[in-house]
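By letter and in written order, the chains are A, B and C; residue numbering begins at 1 in each of them.
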Amino acid sequence: MPTLYMTAPSESAAEIAQTVVDERLAACVNQFPCRSTYRWDGDVHTGDETILLIKTTAEGYRQLVDRLLELHPYDVPCIERFDESHIHDPFASWITDSVSPHVGGDRQ
Amino acid sequence: MPTLYMTAPSESAAEIAQTVVDERLAACVNQFPCRSTYRWDGDVHTGDETILLIKTTAEGYRQLVDRLLELHPYDVPCIERFDESHIHDPFASWITDSVSPHVGGDRQ
Amino acid sequence: MPTLYMTAPSESAAEIAQTVVDERLAACVNQFPCRSTYRWDGDVHTGDETILLIKTTAEGYRQLVDRLLELHPYDVPCIERFDESHIHDPFASWITDSVSPHVGGDRQ
């Protein structure tokens, strides 16, 4: 099952996490602060961000990405998918039960 | 080699980490605090947890999971395995030397 | 595209991050503090470290590892590569534009 790795400004992270779980596009989000060093417009910058690790189903992944792109304040957000090679079955079932992308969660 | 991703209540994390390294089921554990947003019993909750990244051998992985399920306070813990596509050889050798699941480490 | 996972002493992490982005061996580094429990010289230790998640291109990965081995204070650093199964295209392009290992960045 996919874990979506994303960074976001710290002030947006909590709301993004709440929204995608509320809307049943993700089962859970683990988020934590980090320092990011990156090259932008030719210069190297370092600043505070938040990493979000977002757990969803394979079927729901694309819709989750689309919604994150709506919610995210950056033009070019870091969004990457990592797939595990084993997952504790009861946890996998819980993710499946918590995510219902087709219905679009409480948005409808 | 596997990296096992797990979340746990912050008050349990340190002891879990110490136990699996003591018992030679893991070579090392990197742990750090996070905020988790998740759906449980129909409602969305946000609370503090700790993420544990636990490094072991492929041979030791199953025994590590079984031990974690004994130690973990949740009914349905998040346990996932991620495999790297490259590892620095000396570090891989150190993991192999630090883990001896069959012997069960100091438990015997 | 590769994400390189590395741990380092907290006092070295910021400089390592700045160097590999300056030298165009990486597009960005997300770093955050952690507690590490590990076995060394027969005993189990716990101490503070920093995790660095370093994003680069497949072509630049080997040169990045070589440079990190020069910069890192440990004899046996934790260096592992994880590859995503999906990446947001504009972010992938930004990584490609930010990394130019062959030129060796500003070192020349």
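As a working rule, a contact is a pair of C-beta atoms (placed from the backbone, for glycine too) under 8 Å apart; a residue touches a chain by one contact, two chains touch by 3 or more.
This structure is a prediction, so every number in the text was calculated from the model and none was measured.
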Touching both chain A and chain B (chains): C
Size of the rotation, in steps of 5 degrees, that lays the CA trace of chain A over chain C: 120
Centroid distance [mean C-alpha coordinates] between chain C and chain B, Å: 22
Chain A, residues touching no fewer than two other chains: 32, 82
Residues on chain A engaged by chain C in the complex (per definition of touch): 2, 5, 7, 32-39, 44, 46, 49, 51, 61, 65, 69, 75-83
For the chain A and chain B complex, residues of the former touching the latter: 1, 3, 14, 17-18, 21-22, 24, 27-32, 53, 55, 82, 84-88, 90-91, 94, 98
